[in-house]
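You will see two complexes here that share subunit A, one where it goes with subunit B and one where it goes with subunit C.
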Partner chain A sequence: MDLSIFSEYGPRLLSGFRLTIICWLLGTVFGAALGLLIAVAQRYGGRAVRWALQTYIELIRGTPFLVQLFLLYYGGPMIGLRLDPLPAGLLGLTIYGSPYFAEIFRSAFRAVPLGLIEAGRAIGMTEMAIVRRILLPVGLVSALPALINFSIILTKETVILSIITVPEVMYQTQYMATMTFTYLEGYFALALFFWVFVEVISRLGRRLERRITRHLIERT
Partner chain B sequence: MVEASSVEIRKVNKYYGQFHALKDIDLSIPPGKVTCLIGPSGSGKSSLLRCINFLEEYDSGEVLIDGQLIGYETPGGRRMAPRRLRQMRSTIGMVFQQFNLWPHMTAQENVAEGLIRVRGMRKRDAMERAAEALTRVGLSDRMGNHPSRLSGGQQQRVAIARAVAMDPRLMLFDEPTSALDPELVGEVLNVMKALAAGGMTMVVVTHEMGFAAHVADQIAFLEAGELVDVDVPSRILREPEDRRIQSFLRTYHERNLI
Partner chain C sequence: MFSLSTFLDAFWPLTMAARYTLLVSGLGIALGLVIGAFVCVLALSKSRPARIAAAIWVSYLRGVPMLVQLLVVFFLLPVIGIDVPAIVAAVMTTAIVASAYISEIWRGAIMALPKGQTEAAIAIGMAPRHSWTRIILPQAVALSIPQLINELILLVKASSLVSVVGVMEITRASQAQAGVTFRPLEAYLAAACLYLAINLCLAALGRWLEHRMAV
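And now, the complex of A and B:
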């Protein structure tokens, strides 16, 4: 093993790490936000809205992320959507994740006992207030494990952005590897990074879950 | 205490698909009185109760709260505007068998929520009022607890406080003690008795014949979607004319003698 390469390429890798984390974070936040919107619209929208959203979900879930990204980045300009690699990548991640997030929220909302919602209606709350004050907070708690799980899956999807030249960690590692022929060292460091990254997310996630559900657990 | 509401139910019919759940129900609920709904399981008690605040839509007939039709603009007409419906509902308190407290809020927050969202009160005032309402049901020392940290009886008292804090003119109860351990039933019934003594109009679906006998001003007996009889408790419980009521009471007594 030749570790001296890291002194030269270290800064590049570090900036790659940083960008990967940013892409993951924004992709998760925007994807979850879009998914949430879809799930709420599906619950309250009319037949046409529900059908359109279901079609969207199936289309996105039924195609590979790489294909979606190519369509967006290379196909986009043909319909006047000209994006730089990073914005294209972020938009791609958001779209790619949204149907999965939407499904997570949809089933979480269905798990909210109807009685809690009826209690809001009986008191005269608006449907808006019921969504904001009851459906969302109660649903989010039961959705949390699945949300964390999918956000972990998303960490690893970010490497695909390297293909449209977003300089995240995969891109930087490839660059270093081709320049120095240090494949083993580079990809080993990459694997290690993802493993630590995922471990940190899942620990933080568990802690968050415990915090949020602390007062919800029935005493026995 | 605000003045109490009356409820007038006229020729109400309710279907679940093909199933005829309520058949031409006529029932007068006088203001300031307690009306108990009894009858076998599946007879339509909950359905009827839930038509009163339009949580359940009735298909024909009229439900009038203080003379005002609830749910529809005119009998058999269009649905009433959501805003009007919400306004009517905000004067009708409801207590459920399963309590239905919001699990992510403390007892005090549960009670304050409606005051803030529906009455438009400031949070601080709402919390103060919630504290008073909880004190009245004997829970001044449990205000900061989440529902999961309360016994069933305490949860149901929070649910009653949540409804009462809104200053309702009418209270609906759907088997409020059925989900409780026997030793917790009394504390909830006591709170209900105090409400009744205060002159609240109450409609109570119950299997507690003792409560019905002592607190109700009238008892309505339902079976298979029909209102079989309405009368004072002594008439319904001691000298029922209808055989369906007789057989219901016989089963009830047999079960409770063991």
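And now, the complex of A and C:
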């Protein structure tokens, strides 16, 4: 095995790595935002809204991410939605993640003690204020472990974007592998890289979790 | 515009290809259950090296994207002199990845059982072997059914990735269909419908099993 290929293709791999992180962060942020919107709409919407959103959730969760991407990227132009790989990938990640995030928020909202919401109503808070000042702050804390967990799952989904030619780290590894016939070395290095990457963010996640929930731990 | 006949025509070849989707995910979970049981035994064992080995296995397989693992296996097998069709690499990868998740599901189920169950078994004089086969395992398996079905649904979706190494499952077949008809929207929509149908059936099966095996 020749290690010099990694220095020759280093800049490419590095730019791929940067794009992977960008895709992951944007996908998580947009997906969580859409998921939050869905969860709030499910809580306050009427029967029809709730039914429509539940159907959306089932549709997205029942189909593979790869097929969703193909539909968006190759099927989209047929209905006038013509996107470059990167925007298509980001939109795909957002849509793919949104139902999972919505379910996380929904169960977190349900875990907020009813007394808090009733107290909010009793002192005359508007429903918007209740969402912003009670449901979100209390719910987000209990949703944090699940949110971190799902964002870690999303890091691994970003490699699928390489199939619709988003030049993230998997795509660049594939490029290097094809140019130098180092398939096994390339993919194995990528596997090790992801192993470390996921391990690091899950540690950071645990630390963040401890920091944010420290007010819940009783002092002895 | 959307062509209904192309959409409907796509279903027959895709349904044929669905056999491979079911084969990869079905064999994947079956082998995954076996390897997962073994890993779970290691993870719960008293020996420290065994626990560490299990922890590394689980952390690697859960930390690395399945697409990358698939390609590692696909390119590794010929190098170590095993020349097998792509479908074998696909099933192997699926089983190995599933084993990590399944061992965690089982570990969780076993740890979730109240300690009193084991203590009661010992108190009435059961041999450790019998306390496992009669008390712990039946309850743990029943507890884990919903999560195992969930894992199977995840595997059905993940099996779309094996299209990359050329296994003619639903996704690959829909790509071929899109190439022939020049109508990707209809082909991929049909694929999505098929996956949805499979997963809804599995979810219904899960609810039924959960109901039947309720502890």
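The criterion applied here is as follows: the second predicted complex is superposed on the first by the 217 of 220 C-alpha atoms of A that agree within 3 Å, B and C clash if a C-alpha of one lies under 4 Å from a C-alpha of the other, contacts with A are read in each partner's own complex, and residues count from 1 in each chain.
Quick note on the criterion: a residue touches a chain if its C-beta (ideal position, glycine included) is under 8 Å from a C-beta of that chain, and two chains touch if they have at least 3 such contacts.
All values reported here derive from a predicted model rather than from experimental measurement.
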item: First (subunit B), second (subunit C), both or neither touched by A:79; value: second
item: Greater subunit A contact set [subunit C / subunit B]; value: C
item: Which of subunit B and subunit C A:41 touches, first, second, both or neither; value: neither
item: Subunit B versus subunit C as contact partner of A:199, first or second or both or neither; value: second
item: Doubly contacted subunit A residues - partners subunit C and subunit B; value: none
item: Subunit C residues touching subunit A - in the complex, by the definition given at the top; value: 1-2, 59-60, 62-69, 71-72, 75-76, 79, 153, 156-161, 163-164, 170-171, 174-175, 178, 183-186, 188-189, 191-192, 195-196, 199-200
item: Contact footprint of subunit A on subunit B as seen in their complex; value: 53, 55, 82, 86-87, 89-90, 92-94, 96, 98, 100-104, 113-114, 117-118, 146, 148-149, 159, 162-163, 166
item: Sites on subunit A touched by subunit B in the complex; value: 113, 115-116, 118-119, 121-127, 129, 133-134, 137-138, 141, 215-219
item: Of all residues in subunit A, those that touch subunit C in their complex; value: 58-59, 61-68, 70-71, 74-76, 78-79, 156-160, 162-163, 170, 183-184, 187-188, 190-191, 194-195, 197-199
